[in-house]
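The same subunit A turns up in both complexes below, where it pairs with subunit B and then with subunit C.
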Partner chain A sequence: MSTKAKAKELAPDRVVAFASEREMPPLAVSLGTSLANKTGSWRYLRPVYEEKEPPCNHACPAGNDIRGFIALILKGKLAEARELLCETNPFPAITGRVCHHPCELECNRQKLDEPLSIRALERLAGDEGYNGKGLRPPRRRHKERIAIVGSGPAGLSCAYFLARKGYQVAIFEAERKPGGMLRWGIPEYRLPKAVLERELALLRDLGIEFKAGLRVGQDLRLEELQAGYDTIFLAVGATAGVELELPGGEAAGVLHGLEFLKRVNFGERVELGERVAVIGGGNTAMDAARVALRLGAKPVVVYRRTRAEMPAIPEEVEAALEEGVEFTFLAAPIEVLTANGQLKGARFIKMELGPPDETGRRRPMPIKGSEFKLELDNLILAVGERPDLSFLPEGVKLREGRVNDPVLVEALRAPIFAGGDAATGAGTVVEAIASGRRGAEAIDRHLRGLPEPEPEREPVLVPFERINLDYFEPRPRAQGRALAVPERVTNFEEIELGLSLEQGQLEAERCFSCGGCNQCDNCITYCPDVAISRHDDQYEVDYDYCKGCGICAQECPRWVISLVEEEK
Partner chain B sequence: MATEVELKAGIPSGKKVITGNYAVSYGAALARAQVIAAYPITPQTQIVELLADFCAEGALRANFIKVESEHSAMAACIGAAAVGARAFTATSAQGLALMHEMLHWAAGARLPIVMANVNRAMGPPWSIWTDQNDSLSQRDTGWMQFYCESNQEALDTVIQAYKVAEKVLLPAMLVLDAFFLSHTSEPVEIPEQGLVDRYLPPYNPEFKLDITDPRAFGGITMPSEYFELRYKMQKAMEEALEVAKAADLEFKELFGRGYGLVEPYRLEDAELALVTSGTVTSTARLVIDELRAKGERVGLLKVRLFRPFPTALVREHLLKVPKIAVIDRNISFGHGGIFAQEIKSALYNAEPRRPLFGFVAGLGGRDITPELIEEIIAYALAHDRPEEEIIWMGVKR
Partner chain C sequence: MIEIKQSSPYPLRGVLPTDELMLSGHLACQGCGAALVMRYALKALGERTIAVIPACCWTIIAGAFPYSALRVPLFHTAFETAASAAAGIKAGLEVLGKGDITVLAWAGDGGTFDIGLQALSGAAERNDDIIYVCYDNEAYMNTGIQRSSATPWRAWTTTTPTRHPKDEPKKDMMAIMAAHRIPYAATASPAYPEDLVRKMQKAKAIRGTKFIHIISPCPPGWKSASELSVKLARLAVQTKIFPLYEVENGLKWRITLEPKGLPVEEYLKLQGRFRHLSPEEIRKIQETVDAEWARLVAKAKAEAS
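Now for the complex of A and B:
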């Protein structure tokens, strides 16, 4: 009998004693499988699948699952991507166009080449993931009715999340059409009205009632709302321009940035001269300058700090420069020059940057004797916005959340909540959306008598150093199609034309998926003990055999697997 | 069903002028190596380059595995051999040294891998030229070692090495001198594939990795068994002497060429036996002929098989001769030439005692010229016994 035949005869769990070397096989071979050798007993480190927070998700004020929706785009699932975004943000098609994308600023990929084009991907999901069908209205679960004052992004967001929770919601809007800043603060070339209308229609599908043309405090007293609704959410925005104390500022030809944008957005033919100065460095200033350009003016932006300190989205500044808007940095107006009540020009003074102020930016300081004059046809002031709270009792100030102001509480004798720019000061669209959602959650807790949630634990963020770069090749980020400068400066056509699905999927491929498993199977491939298996999208480690060598954690491209010390 | 790649005509037979490296490639291809894993290192690289070409052309149906080091090359060969594939690799010097751990593994797991090592001097200092210290440093790993003298012998030895290795379940290394053989072209008879197939049937081991019969190989073995497994390895080495002899005879019958485990040359009635290995043998043969023509009674013993060491054959041929002179192109630091040591130890328990001269020459590729060999012979003839244990030839002092 051969040694092998002999070996096979023996049961695997038998202890074999050989009487002589002649009985032995020529090499050390087990009688049974190697499963008897439970190498897991050697382990002092244990690999665990532990998803971690990607910097993009963490940076998103709305709390969007950015890594998640990009993974869905990669699989071509645009509708699912939109659906995922809509869990935290009612308007991916809008933020996909106008968001200041703090996610991209934190994207780990920029340390390899360039950040992901997250905003463009969001737009792709928002536009192409829309299947034309409305949202199914949620089952009405609650009898409470909520009135929302203001239909800007905060009010709309609050309404959306409340409606999804099953409340009856009505939105009161002072202007003829809802949308607030989305409608009249943002120019058509950045956010076409058709996109806004589509997104608003989806909210109507949810059963949200829109009451436009009713200005609370004027057409309708706040107290009247109280009668028909259980709770009120104030989201009236920051619609009043910050005034500059400028001698001659009342002259004809002096405009306020937001007011100017609003008139243009509402289709009014605003006559501008050729020589237009726009004062300010924020997004309103950029919009005003670019709109002025499209109306035939030759605008110059005058900003008291430098380009580095501008609060505007850098792409907007870049686009303004491309289109031929001129910039004068380190200067501020000190006097409007008039003749017969008509603007003729302005006097400016040059600035230098001093020590940082409370915003952390260096404070501009006038340089004595550096005054200069500009002859102007129009002066557009865009130095900031503040809430107009004239409809509230004197002295009331709003904070985000439940309003505890004794004057207001006494006046209304009803629970009242606030959010958006009116409560937080002028911010961005995505911040307003986030504020609206927090408002909806606070209202829901209040109406349902639920306690305040536990503060969330600080998540573990994935730093760039944890990405295994062996798995990623540098590749430039996707550039969507866009109108060239000559094609766009004479009209209000949308400039950005978005990414194709193919471009979007290529771009989604660039995503590191920091801290998020995308089933690349590297762990299975590399496990020297064949101790990892996959069941659908879940991996399982067989700790009877895992030696804790850590190769899976090392080879995980995106730090999903952590090694934790075994407890003795 | 996947269509098989249509193979070209295979390896054409016939006479061809090729380098020693290419001769090895032809040998491995004709032996139908199924897995080739190698890492490039001068002066070996051409061996696997040509094999890669054969694979790419479809002349050889083998898996060519690119690896990141020689250690991995040997590891890949071990894996391949463990499932019953015929595995081949080639290396030199530092590459062989890097394989050291895996060499033990291949031998201990009784895997009949065949490897070509092109003898290259070890660094530092860097050298790409020949000497035998790289292969001889692996003396005790359980690998058989064949030292080749010609390109034809290199080709034929690859085929013979598989035959022996697969019979006794031990890996085999064939060794050839850098440049003197690896990069020098000679006419080589490339045997017919059909004939090689007859000589070397497919490898089908009794024990192999098999997913339908899963087993662990090389796992921990207690003192109660380890010792016996080592005993069996030595017995396999001893058996290999007979198997190699028979394999060479069978080869000669089929192909008309044989080499023996050692090759005596004009040793009858000699007063002095020169002992050589590798390409020095060819030069020495020429010198012996010249000296014989002048009436000097000198002969030569070429040692082809170094592991297992052919002790009986060495005794048989050398004890007849009054004096022995060994040329070592290597040095075991702290002792001397390694072939000289081995021959001494082979003769120690036999009678009569013969004086043995140990010459060290040609390290790092320095030429061992006919004149130098004449000097060696003259020295040995002129002395009753060596004045020093190591006689350094050609050192500039």
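Now for the complex of A and C:
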């Protein structure tokens, strides 16, 4: 047999053997390939593709797949990005505007330059990913009917997820229109009503019934609800202002923050004087001050701690300062000064920060003899909100999940669940949305007789140190267009105008995609052993040949590949 | 050629050629830079290529008789003869009317800087139509890490132990080749495969002697971790120790990648062969690198004006 004929029959990965010297070719010529050498036996570290949790996803109370939706924006797939977000959050266009974005606080990119502008990207997906068509109503799979009390973000979210599971859902809202805090707590310049209406219309497409103008406990007793529904979800929010024990606090001209915002949001002409003090350091205080500014007042925010301790979203504080809202830190009101029942001013006392209190913030302590007076036309109190539970039997307290308060269990036959601010006290839109979703899941489990899910294992988070900075250059964060200060302080036009698709894609390019493969091909490109192959979006290591050098893991920019010790 | 399924039926990173003409199962050490650069070089040149390999690591890497890790013909030749053997093969191909086949001489730094320099100079002087690649791992690695004239100043090798590290600077091979006025000479690094492939393809399209000098990290010889080979190849460029440039006709110098100018220490500290360096020596290396870089920039500027 000639050597040529023999070579043709050889499989490329077969060992070439000669029965005798006569079979050997007359000169050294290759008859087989190196595939006969299974160099995988050299390996003591095995590269394994193992996606890990990015810190943004982990920080999102709603559990949004942030890394995933940003990857879709990068590919220009805005509709798919919105769809992905809507798996965990019914309102990307709303949270894309008003969320306090804990994701951005954890973003690994901030250690290189600045965090990704995740909220603006979410808004881009929420706005531009909406195709103008409604949602298809899900198949009605279950006969159970669920009543939801309260149409704020928690109630709406619970309704959305229950409707998607195929339940019949009705939402009861005390005000004339649904939306709760989204409608009357957040000013138009942060969340335009048109956006809210669009998102609500999508919920109607899902077959959710809205019963507005029915206050449970007043127009309708809770006991009556259970007649028509199998389960009740209470998401009544925290709508009552926390009272300050202020002498003279009932004088005309003293307003409560939320009540003030609500009246303005409902189109009422609220007359304010020029000299307005807003008491508080949270988002309600910021909104009240900026609304007062737009109504022609010259507001001053008085807060008993310093700027560092303010619970408001930092951007909101920044915007208030830009617009000319004044701040007096380390001071608190002690008395309202009145004449004939009318507010004339207030007496304040200066504070200093003492040791940390139970919230971890330093406790403000009054400084003796430091009182001072301000002449005022209005005083707006925005020192916190609490739930109004007057429709429930005396003494009932809500916490998230199935309500097992014996008084309520005694009074009602239908099982009751609770969520949102009324149950958690969390006070942010995204946490209310998350609470609503957990409520929907708990109700579904209850109605279907399913067991509690196993607690999820703590995921492996990607620390900044695992990002390969050889692949990333500092680049500034995207700045969306926004109205300039003079253009915005005289009206309620939306300030932020969002990112263009082009800006959004440039911003999405900044994403490290921590722990998530985005098919950059580095692993396959840098493999000296040609032992990695790609099939569509999946890579595969050929362990017959991989020698375990670790270059693929080292050159992976985002820690998708782990090196695992081979078992001996 | 034995038919084998390609492992990347699409362009890597969107641009690199799909051909995989180097096979798995070769005998290079873990993390070998020389294996990686062969993979890229053959991607660039395609299957109508003949490789000529003198004594060097690749003699071993390609596999012993009767196996080969290359899907193109490979001719093993003596240490000092890579350029002359390649030139002879090319002449023979032309006689056979197969002048379109690229002949690739593929030698280490020992076979280029030291032992093969005379044959290489001869081929360059005759402007023989070959591509000569020197994959430079900066010592005689497969015989046991003996110093070569490509070994950097003060590096450890088994023949320049830390008590007597190398006292001579690395030979300026690119300047020697440019002085031959060959049509094309270029440097490349496995950390920048797109640049490497572009230069190989450019060389393929030019008639005459082409010289490509490729930095080639060697984990056992450099005493570096195997996973750091690409990072080291990148740092060599970004510290300006091994800048990426090309020279046309020995006169037109062009820098093809603007380095960040990271401190040389970033590169040195990852390698055991430099662990004994004193701060003073590191400072001197930095000064030399800066001066060499300034000279390179001046050459590139002189041509541009």
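We adopt the following convention: the second predicted complex is superposed on the first by the 537 of 568 C-alpha atoms of A that agree within 3 Å, B and C clash if a C-alpha of one lies under 4 Å from a C-alpha of the other, contacts with A are read in each partner's own complex, and residues count from 1 in each chain.
Note that in this section a contact is a pair of C-beta atoms (placed from the backbone, for glycine too) under 8 Å apart; a residue touches a chain by one contact, two chains touch by 3 or more.
This one's a predicted model, so the numbers in the text were calculated from it and none came from an experiment.
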### Task
Considering only touches as defined above, state whether A:356 meets subunit B (first), subunit C (second), both or neither.
neither
Would you sort A:553 into first (subunit B), second (subunit C), both or neither based on which partner it touches?
second
So, A:28: does it touch subunit B (first), subunit C (second), both, or neither?
-> both
Contacts for A:520 in the overlay, against subunit B (first) and subunit C (second): which applies, first, second, both or neither?
second
Comparing subunit B and subunit C in the superposed model, the one touching more of subunit A is C
Exercise. Who does A:38 touch here: subunit B (first), subunit C (second), both, or neither?
Worked result: second
Check your understanding: If you stack the two complexes on chain A, which partner ends up touching A:470: first (subunit B), second (subunit C), both, or neither?
Key -> second
Message: According to the stated criteria, A:528 is in contact with first (subunit B), second (subunit C), both, or neither; which is it?
response: second
Overlap of subunit B and subunit C contacts on subunit A, residues 25, 28-34, 37
The subunit B residues in contact with subunit A across the complex are 108-110, 169, 206-207, 214-219, 221, 224-225, 228-229, 231-232, 236
Residue set of subunit C touching subunit A in the complex reads 2-4, 7-8, 10, 12-14, 16, 20, 22-28, 30-33, 35-36, 39, 62-63, 65-69, 71, 74, 76, 190, 193, 219, 225-231, 234
In the complex, subunit A touches subunit C at residues 7, 10, 12-13, 16, 25, 28-39, 42, 470, 520-522, 524-526, 528-534, 542, 544-545, 547-551, 553-555, 563
Within the complex, subunit B is touched by subunit A residues 2-4, 17-18, 21, 24-34, 37
